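All chains are identified by letter, namely A, B, C and D, in their written order; residue positions are counted from 1 within each chain.
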Amino acid sequence: MVEIARVEKADAIAHGATGKGNDQVRFELAAAALAPDLRIIAPWREQRFRKQFSGRAEMIAFAKANEIPVEASAEKPYSRDRNLLHVSYESGVLEDPWFDASSREMRDMYKLSVAPEDAPNEPEYLDLTFENGNCINVARPSRLRDADAQAGALTPLQVMQTLNKLGGKHGIGRVDIVENRFVGMKGRGVYETPGGAILHFAHRQMETLTMDREVMHLRDSLIPKYSELVYNGFWFSPEREALQALVTETQRDVTGVVRLKLYKGNIIVAGRKSPKSLYDPQIATMEGTDASTYDQSDATGFIRLNALRLKLRAIRDSGVG
Amino acid sequence: MVEIARVEKADAIAHGATGKGNDQVRFELAAAALAPDLRIIAPWREQRFRKQFSGRAEMIAFAKANEIPVEASAEKPYSRDRNLLHVSYESGVLEDPWFDASSREMRDMYKLSVAPEDAPNEPEYLDLTFENGNCINVARPSRLRDADAQAGALTPLQVMQTLNKLGGKHGIGRVDIVENRFVGMKGRGVYETPGGAILHFAHRQMETLTMDREVMHLRDSLIPKYSELVYNGFWFSPEREALQALVTETQRDVTGVVRLKLYKGNIIVAGRKSPKSLYDPQIATMEGTDASTYDQSDATGFIRLNALRLKLRAIRDSGVG
Amino acid sequence: MVEIARVEKADAIAHGATGKGNDQVRFELAAAALAPDLRIIAPWREQRFRKQFSGRAEMIAFAKANEIPVEASAEKPYSRDRNLLHVSYESGVLEDPWFDASSREMRDMYKLSVAPEDAPNEPEYLDLTFENGNCINVARPSRLRDADAQAGALTPLQVMQTLNKLGGKHGIGRVDIVENRFVGMKGRGVYETPGGAILHFAHRQMETLTMDREVMHLRDSLIPKYSELVYNGFWFSPEREALQALVTETQRDVTGVVRLKLYKGNIIVAGRKSPKSLYDPQIATMEGTDASTYDQSDATGFIRLNALRLKLRAIRDSGVG
Amino acid sequence: MVEIARVEKADAIAHGATGKGNDQVRFELAAAALAPDLRIIAPWREQRFRKQFSGRAEMIAFAKANEIPVEASAEKPYSRDRNLLHVSYESGVLEDPWFDASSREMRDMYKLSVAPEDAPNEPEYLDLTFENGNCINVARPSRLRDADAQAGALTPLQVMQTLNKLGGKHGIGRVDIVENRFVGMKGRGVYETPGGAILHFAHRQMETLTMDREVMHLRDSLIPKYSELVYNGFWFSPEREALQALVTETQRDVTGVVRLKLYKGNIIVAGRKSPKSLYDPQIATMEGTDASTYDQSDATGFIRLNALRLKLRAIRDSGVG
């Protein structure tokens, strides 16, 4: 957006987002950070245009009358937006949060996925290969040998396209939520994100095997903040960059393969392995072994000192000693 | 546990947890907080017993030889623990994180749920009624009238039993993870928690409609800490109590009904409504309305001031102005 | 503010804060939460008034010409605001962050405190009594017997007045900062808060003796959020109320006496004691004692298990084992 | 420590810390992370040695009898530890938290600083130059020209030595606290850290001018975690490294000069300036200017949308509309 503005020697950026949603904020905060000198033109927020076009219906009529081709139609009782990561649906019948968007009548709405009920009866297995936190390959188990995992690496775009297709086929990634728009109101949105859902699930599985416990707790406590920043449009902000530095550091060893089973809306883990695994069955086992690293007697002192402050407090509060 | 110790005038508490797991920590930290004067006896952590019984196999053999009835058997190649909220499986074949616990061969292991593949072909609808964050009723849609929701309130025990049964029937709530034990090692665990999965999903849906945005962001940022405390055995700790005070405050208005559809492992939201809803379609709508509370022109100033610090920083860093 | 509006049956609230500061936000967010039906009138933000009065200088001239008594004067090269907790100074010569507000020439500016250089040569001792986190008494050590501490309890107002007077006498509580206004810009402010500084210091000392370690770490991690909410004007918000529930819970045992020494700008702790103390010298001592609660051998297991994940990671990364 | 062990081909590391303090944890966690194969020998935690030497007194007597030179003496009624950043005092008379460590009788204890009462009657000015968050120079104002600030850069060691000397001369950096040892007990410690106190104060001042608001709020919320990790001995842990990546990112523009005034225990800011300043007096000013970047009318929309969710909640809860 900003790049094009520079090429065109523009002195302003215009967008068609309404004054009630998140998109306006995202466009304009990005422009502020990358091109603070450019003016913003947002016709929907100018009263004269709102008088002329009080809503989507009037705008669609105007486009029709003036032969401007738009995909939206007054018949489709909802709005739709699409990018690589998802398709979103809002407005119209969806505005009632009690309205069932998963009903048989609504099945035509969805573009990326079938309903779980319409997905194949046979599960499909999938191996996702990760390197430093990024998915670099997606393949059927039988076709992936370890040596090939990196050889046939996919681009991030190909990863998303592949996962969107496979996830959509198996009815995965439909989300129906009441969300909290940055402008201060709640809104109801329905999303399809088959590839995103698979990637998110598999990535977390890869992390459980390779990420240190305390790193995970720390990172997890910052996920709501990171999500909030992205959702609210602060991608190009210094606080997002600071968080990113932490996140990137946590991904250094998130490397390996996760095997998934896709079946009628379910993402099921069927295995994970990694050269960077922090899981040592020799230590974790409940069976008798000779693992010299773990002496169960140590647990006594460990627990006793973790309990010490609880005991001191209990003694203070109860007089028991 | 502590109550019984008091009744029996015991001066110690004994438990059979191993020195490698979380249960020993949970038992003993609870005892420290509630009965700091009681001694703990943990035979598995005493070397003389570990010499005699180096693992589960030896212990099972001893029990058999001495006619002590135990449910575990050397044939079952894993261990199992059960409470109201879940059944957990560990050890044995499950110690290999690449081992597929969802395969057809493993279907006998599970006690609370069928596999998604074996669940009914017909979805089932369910209405969960919440009051101040607690689920107080579960009913089939046709049988629930608003007036009855509270009349036929279930106890928390009944809620869990009902949801465990319904969730298990539809293949819901199986979880396979590599987790981070408090004693410092990773372990692989497989869980069934059909009722917990449904409750967690429905409760979050109820919150999206009734909970303030900033309250949700704040509370969400503390979930990893709360979970960590519970998992690590610090339920009876002052920090858990402090967090609980915050959580309880956030639940005051989490009241209403969530309609779910259960189908072959999927929990799908089919509607939510609440007398405490913070969602106002009149304000969120993209259609032309006369809602006086929201003036789209306000968004201009809102975005401009949110962008101000980003602009000032961009100007500083680039010299553009 | 809102109470008066209701009594007067007003349909709007007006304030004289500028469009650049924090006060406008605080007034208006409070009104939104307490009286969402009232209109806000903020003349400084209306262009017609800004045209007439482009800044403080023009406004002062208008007031003088119309015989409206205002304390501000064109001669004082800064603005001043005062409440029970502080006096603040901004604008004018203070706008240069390199300007030394502590210089001899500026000593006339301050209203609540002398400069440390002008404070008495003799220190003064003070005992602050706390109950559940609140300071309920302030007295000279010689005049306070334990039994009297609660008998002569002061109101919160009296506590602040007493501490402001004593702190100001000893040159305590001057703060000079570049702060981050909610509207997106930085500003430079100089503050006097002698009573606030003493209260804050003493309260923290009382906590160190009586508050559990993990409670303190948790609470401390939320201080920036709480401060941000208060500073930005979200006192009457549900997220502040949720945090307050946690904070209030943490204060239950913050009870006891803190002895302070005030001397030329310094607040020095001279002792703290509490019936709710969690500090047990018998356990903490480095001298030989017979304290049965702490067995130093326990530390071995405690450290070994805390080290376990670090060791496993080091082994993974280096091949050393 | 570990380096020496490697050079000496040692198979163990020994230390003389007691089983009650933090030092043992710090030494051993560092060794676990850097040299997981080395054994730890901690004589104080072995019962046979504790029987022989039940405390500091017995150990001092043994050292004397065997002509082992140690600095500790039975006469000094406290223990002392020293490094570049601080001297700490514990034990003995200091174990009573009501004991006044600032009294005239205790003045001999302190090694790095005079008491504020004994500091010079004349304040001293100081300019600290920062680059990317690090202090690289300390100089008297008259002797520092901007061009020279980097020319005469000091090493980190020289910075600390200079600030320790200057701070100590002016009675700065004494701290008396009840702290929370990782092993589960509280302890009372008195510290001298004149250089650390000055560095901490000046660095924060430099940040207020150059660091983005949201970056500061985010970083501040993580300070308790970072401090906890360092205090508990987790310097060489992956979670500290992840946090460090965030902190390092936040320091990129913390560059400039802070002028301080040191006077009888007080650190007073006397100015700050920076080529990376985010503070723009033209925008922040309350006087009439023509700054086109800030339109006060924007504040209306900004506040109204920040107020929206508060209003909607108030309307829900009160029925006022």
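Definition applied: contacts are C-beta pairs under 8 Å (C-beta built on N, C-alpha and C of every residue); 3 or more make two chains touch, one makes a residue touch a chain.
Since the structure is predicted, the reported quantities are computational estimates derived from the model, not experimental observations.
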Is the C-beta contact count larger for C-D or for B-D?
-> C-D
Chain centre separation (chain B, chain D; CA means) in Å = 39
Roughly how far is chain C from chain D, going centre to centre by Cα mean, in whole Å?
-> 21
Pull out every residue in chain B that's touching 2 or more other chains.
-> 180, 183-185, 212-214, 217, 225, 234, 237-238, 277-278, 280, 283, 294, 297-300, 302, 305-309, 311-313
For this assembly, give the contact graph shape among line, ring, star, complete and other.
-> complete
In their shared complex, chain A is touched by residues of chain B numbered 18-21, 24-25, 28-29, 32-37, 40, 42, 44-47, 50, 53-58, 79, 90-92, 95-100, 102-103, 116-117, 123, 174, 176-181, 183-188, 205, 208-209, 213, 216-217, 220-222, 224-225, 228, 234, 236-238, 259, 261, 263-266, 268-273, 277-281, 283-289, 294, 296-300, 302-303, 306-308, 310-311, 313-315, 320-321
Show which residues of chain C lie in contact with chain A when the two form their complex.
-> 212-214, 276-278, 280, 283, 293-295, 297-302, 304-306, 308-309, 311-313, 316
Residue set of chain C touching chain B in the complex reads 183-185, 212, 214-215, 217-219, 225, 234, 237-239, 241-246, 248-250, 305-309, 312
